[in-house]
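What follows is a group of structures, each given as structure tokens.
Shared between the two complexes below is chain A, which pairs with chain B and chain C, respectively.
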Partner chain A sequence: MVFRTRRLAAASVAAAAATALVAGCASGSGGSSSGASGDTLTLWTHNAGNSAELDVVKKIIKDFNGSQSKYKVELQSFPQTDYNNSVVAAASARKLPCLLDVDGPNVANWAWGGYLAPIDVTGSQVPVEDQLDSTVGTYNDKLYSFGHYDVSLAFFARKSVLNEHGIRIPTMDKPWTKDEFDAALAKLKKSGKFTYPLEMGTGGSGEWWPYAYSPQLQSFGGDLIDRNGYKTATGTLDGKESVEWGDWFQSLVTKGYMAKKSGADPNKDFLAGKSAIQWDGSWNATKNAEKLGDDLAIIPPVDFGKGPKIGGASWQWAMSSTCSNKEGAQEWLKFSRQTKYFVDYAKATSTIPATNEAATQVEDYQPGGRFAVLVQFAQKYATLRPVTPAYPYISTEFQKAAQDILAGADPKNALGQAAKNIDNNLKTNNNYSG
Partner chain B sequence: MTTKTAAPQRLRPVRRTRTNNARRRESLTALGMATPAVVLLIVFLVVPVALAFALAFTDARLISPTPARFVGLRNFTQLFTDPVFYKSLRNTIYFAVVVVPLQAGLALVLALLVNAKVRGINFFRTVYFLPVVTSMVVVSLLWTFLYRQDGLVNNIISTLTLGHFQGPDWLGDPATAMPAIILMSVWQGVGFHMIIWLAGLQTIPAELYEAAELDGATTWQRFRHVTWPGLRSTRTFVLVTITIAAFSLFTQIRVMTQGGPLDSTTTVVFQAVRTGYDQQQTAYAAAISLIFFVLVLTVSLVQRFLTREKD
Partner chain C sequence: MTSLLKRLGGHAGRIVLALVFALPLVFMLVSSFKTDDQIFGDLGSVSAFLPVGALSLDNYTAMFDRVPAARFLLNSVLISSITVVLGIIVNSLAAFALARMRWSGRKVVLTTVIATLIVPFETFALPLVWWVNQLPLLRVNGFQLEWTTGWMDTYQVQILPFVANAFSIFFFHQFFQSIPKELDEAAIMDGAGWFTIYRRIVMPLSGPAVATVAILTFLPAWNSYLWPLMVVQSEELRPVMVGISYFFQLNVGWGQIMAYSSMITVPILALFVAFQRSFVNSIASTGVKG
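Up next is the complex of A and B:
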């Protein structure tokens, strides 16, 4: 009798748990559209802890809520490190907000995965055509996202140091060539004043690697994947030019020009004079200018053969496909597309405004401004990271290959293995079609 | 009159039902108390494990517009041609083979030391236990700084050798990265197992030691014939827990080296997380987890067999 009750109870516990689970799944897939309750829309941003940028988002939302009475947007902010995971988790639970921001290179992946819906922002104050190409996210010829700003990469150096060592300060008309750059590093190293004359942030992690170093790979003539159809990396990522990049990249460490792993704060080290030339993002331009004043040289990327290159695309706004109030969401997106907000972003975060008109209203970036050259870098040199749903995978493989190369791996093997893995991933995913 | 005769007759069945009722109520209470744990275990352990097994035979991805399809053994054939997987396997076994005896042995030595009846022993006990209550992420971050080329460890080495020897970039060199992580992991975990050994030591009756002393046994003989046999069940517990913890090496790797340099510190669990989250290949990660499960199960069964009660 006792045994039977026990077994019965055990069975019912299991049954109850199973029912609860099934019910949970069912209700999860049942509510297939959300992100808004009526005309109140939720908005997610990665800016928690980054108050300068968050304040701009808050301001746009406040203005929008005050400008009309139909819709109301509510803000939820996440720390950047957890943001992507939160979105993926929310998408699996079909709980995505109506509005969310997305890092440029991930747009294709999220659009393909069905997270994002195409947007239509015609009729907003700033037309999409006026924006920097790298601040617009498209996939399969449809517009999915746009950003208010972009960032740029540049070499920062002290004019006095370069002059002292007889190194030419390059311009956009005549950037450094590979030989010139190598010779400059050799001179700086020989002077004995710098343990590592070049600082490229090799202690960084994640997206920094493809963002910072794949433009150099592209300047050599290589690339992450064959952009014609995005179907194979073999022959491109492990092609002759890519391997040349790998050899050069490795030589920076073996010749002692660059640390295998840089310190916790590379910019601080540069400003303290530990390194002579720093490859860094435009986000540190203001800090550098404040510290060095007129001595600061903002130097275009090295031309390794195929012209100077920098990465393009930063954080952009998008709308989820499960949004239950798409009209309201698009209203907000259109509302945010006013020149004054493009200006606000650039001023608050010292990033590059996404339109020329906005740039003229920001002192640093208007023609003749102290950072105007960065706008030109973004216009002329920006290369998008491959627009394919496979990008997140490609990014991790490139990162590993580049790290292995610095650690001493044979560049040909490291890039070959990465290309092989990417091809295999494309094959098992049926080239990310459907 | 009638009531008097009826009373004893009624008494028996009443008592029987009461015991029956009581017992039933007791088992219901027990079940009620077990339910939360059982439900949680089913929802967060049994179901995910079952799902992982099923996922390993599909092409499930973290982000995907299409539902998962059954692909048979594809993930496994791919896994067995993956050079990184063999490195992960080798590193995991290397870590376990070194850490298990080292950590268990060191913990026992510490336990014997703090078991001595000396003044201020509580202080040492606390000191040894301190790293255990510190989060592994924090410990890993701190040690990352200690292990730098210009870090504290190398400064100490340089000072001790009067500048004749410069330590390497511990985590940046494939030859030293894993030993460096092993050292840190043992330092962090040894306190916990010291406490377990200590608990075992304190169950050994003091009379046995007194008797041994009267028989003129040396310290070593006392350890060999009183302490060691007395720690039998503790030993099994320590062995099994360290082994499982060693096999699931992950946090240190994630924080300190991300598997590098040159795959010298990648482990099975780290690879599963990297492929599953960073590379979005849920099914492939599930296949790795399945192999990991089989590996740990086999090792645990072998250990159980070797440490079984022989009578």
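Up next is the complex of A and C:
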């Protein structure tokens, strides 16, 4: 009986332990190449649930597969919210696909981390040089990615509301200054018609924070990091101009111009008339125009001293370093670089075409088109987020600091702490050299 | 009079508590039949909780168009059910060995098992991805079986890592200890082995504990989100919770989200209602309640 007791006890606990560890009989390694089975290549995109953009990707794949018989590309789509987690997990298991899309600011990090391989798309229909700078991803002077489109930030407002309150509608030649903008918000607030006249999507999360607000910091003269070598944020992110931005940003809440945390759908609130001016992406331009018609004003960013600024770089295509069929992957990348696909993306998703030639074929973005001004914003005001492998960390720190500032933290302290953390991260990673 | 007031006060308190828990579900269900504009329009009033305005099933239709919801639902039922069944077997066996048998080191093992409760999943998620990618896999290739490496993108990678569960072992252990040991001794006298005692005596007396573990295993399996995103690439293998993020794209469909949420909440509610009595009984009898 004792023997049976021990045997059952050992077997029971061992069964639980073995299952818990999911280890047991590990064998072999994950292999050093992935993403293709012979000439069948896997492609990942972040567009699950976004049929407009996904349909364009499907079309390119279908055309490519039909255009030749050697390679076949297979699509796997992921939801955008946690796409990066999926990629990072796959990279750690060396299971990356051959082709994948990547959010522009992450290109340097993924290239440095060894996820991506440099690409060569010479000979494709659209030369890389023809693209908006913000739609090309480079690291250490090598091309790693390109996008078919970019997006642009702008202020959206109702002309009638601005006129009613005697507020000048600014142009690219004469954008709002800080004083003018503050005065406009004060007038709108004083009217009593808006609880919060300004809507800047402060209920958003993740990359929205650096994308939406760091251009304003840059317009003040600050930045997320000293771009000269990308070796320190101290003196830049917590410098005088950055702190001035922090004070101003906080004042929007303390003066009641903007909600500390906006609603679940800021654009719906703007269209419902709850806010007078919305800082938003070009992706909502069509919806705004359909609802407001000629009353819609698309307004350039405020010039806080160093010129109007918006963020640049959206989703781009890249090739994984572990791709077992790089030749095939590059063939797909080259194939996708046809003007018609740049046009398809813009039409399907209301994004800004990455080339001028494509823009002339999209009614809204043609010179004189209702959204042509957004192309000009992207051309003139776009500032790339820091091109450094440290960017994902910088992004998180900036988000935390900005949220703390809106919550009432001293801007100098919040930005100082963020700068210190970023410097520590840079030091820990030996400035991401190599 | 005082006792009547007390009773009324007690009832009022319970009603308020019931509303606190029920209203979000009512809001979800009611909103699933409204347009996005109406959902937002009703937000400032009690209409948000009432089926008023133009109601339709459009959100449900659109939801099925946007997400392969039926497939996701089927996957989750499969993954959660197998995890529950295996979890009950494996964890009860482990707990039986720890609670009913005498062998050296069992206290150390039990302490170690309980100690793992403090380790959050997120801290070992990535190493676990690496581990599961090293495991051997027997798969069908055409008409042949072949050995390969790596469990990524399979059903089992969503099930087996979550079968053994420290809390379930602890819970069964506590419950098994409340069953008189004399039953074991009588069974041994009659010639029963340990497995017979486990199968014929202890488990039949542990219905409430099984129900509780079933619920507590089912819930995280059903709500699993991060893990499948990390280890499953094929859409046809994804569970329901991943589907919710399909809606958080540029054009968020709030009505569709509510329709989808309603669809995936109903099975959980049904399970809880079915096991409610056993659940409460076992929590009370094991002394695990807060």
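To be clear about the criterion, the second predicted complex is superposed on the first by the 404 of 434 C-alpha atoms of A that agree within 3 Å, B and C clash if a C-alpha of one lies under 4 Å from a C-alpha of the other, contacts with A are read in each partner's own complex, and residues count from 1 in each chain.
One rule holds in what follows: a residue touches a chain if its C-beta (ideal position, glycine included) is under 8 Å from a C-beta of that chain, and two chains touch if they have at least 3 such contacts.
Everything quoted here is computed from the prediction, not taken from an experiment.
Asker: Should A:95 be classified as contacting the first partner (chain B), the second (chain C), both, or neither?
Answerer: The second partner, chain C, only.
Asker: Using the superposition on chain A described above, determine whether A:113 touches chain B (first), chain C (second), both, or neither.
Answerer: first
Asker: Name the chain, either chain B or chain C, that contacts more residues of chain A.
Answerer: C
Asker: Which partner chains sit in contact with A:404 here, chain B, chain C, both or neither? Use first/second/both/neither.
Answerer: Touch partner of A:404: chain B, not chain C.
Asker: Quick check on the superposed pair: does A:163 touch chain B, chain C, both, or neither? Answer first, second, both or neither.
Answerer: neither
Asker: In the overlaid three-chain picture, which partner chain does A:86 touch, first (chain B) or second (chain C), both, or neither?
Answerer: A:86: touches chain C, not chain B.
Asker: Of the partners chain B and chain C, which touch A:283 in the superposed model: first, second, both, neither?
Answerer: second
Asker: Have a look at where A:78 lands relative to chain B and chain C in the superposition and call it first, second, both or neither.
Answerer: Only chain C; A:78 stays clear of chain B.
Asker: Across the two complexes, what residues of chain A are contacted by chain B and by chain C?
Answerer: Correct list for chain A: 1, 5-6, 9-10, 13, 16-18, 20-21, 85, 88.
Asker: Show me the residue ranges of chain B that touch chain A in the complex, using the header's touch definition.
Answerer: Spelled out, the residues of chain B in touch with chain A are 20, 23-24, 27-28, 31, 34-35, 38-39, 42-43, 47, 59, 61-66, 74, 78, 83, 169, 172, 174, 258-263, 274, 277-281.
Asker: For chain C, which residues count as touching chain A in their complex?
Answerer: Residue list for chain C touching chain A: 36-37, 40-41, 66-67, 86, 90-91, 93-94, 96-98, 101-103, 106, 109, 113, 116, 125-126, 128-136, 149-150, 152, 160-161, 163-166, 169, 188, 193-195, 198, 225-226, 229-231, 233-235, 242, 245-252, 254.
Asker: Which bits of chain A are touching chain B when the two form their complex?
Answerer: Residues of chain A touching chain B: 1-2, 5-6, 9-10, 13-14, 16-18, 20-21, 85, 88, 91, 109-110, 112-115, 205, 260-261, 392-393, 396, 400, 403-404, 407-409, 417, 424-425, 428-429, 434.
Asker: Please give the residue numbers of chain A that touch chain C in the complex, ascending.
Answerer: On the chain A side, the touching residues are 1, 4-6, 8-13, 15-31, 44, 47-51, 76-82, 85-86, 88-90, 92-95, 97, 264-265, 268-269, 272, 283-284, 287, 349.
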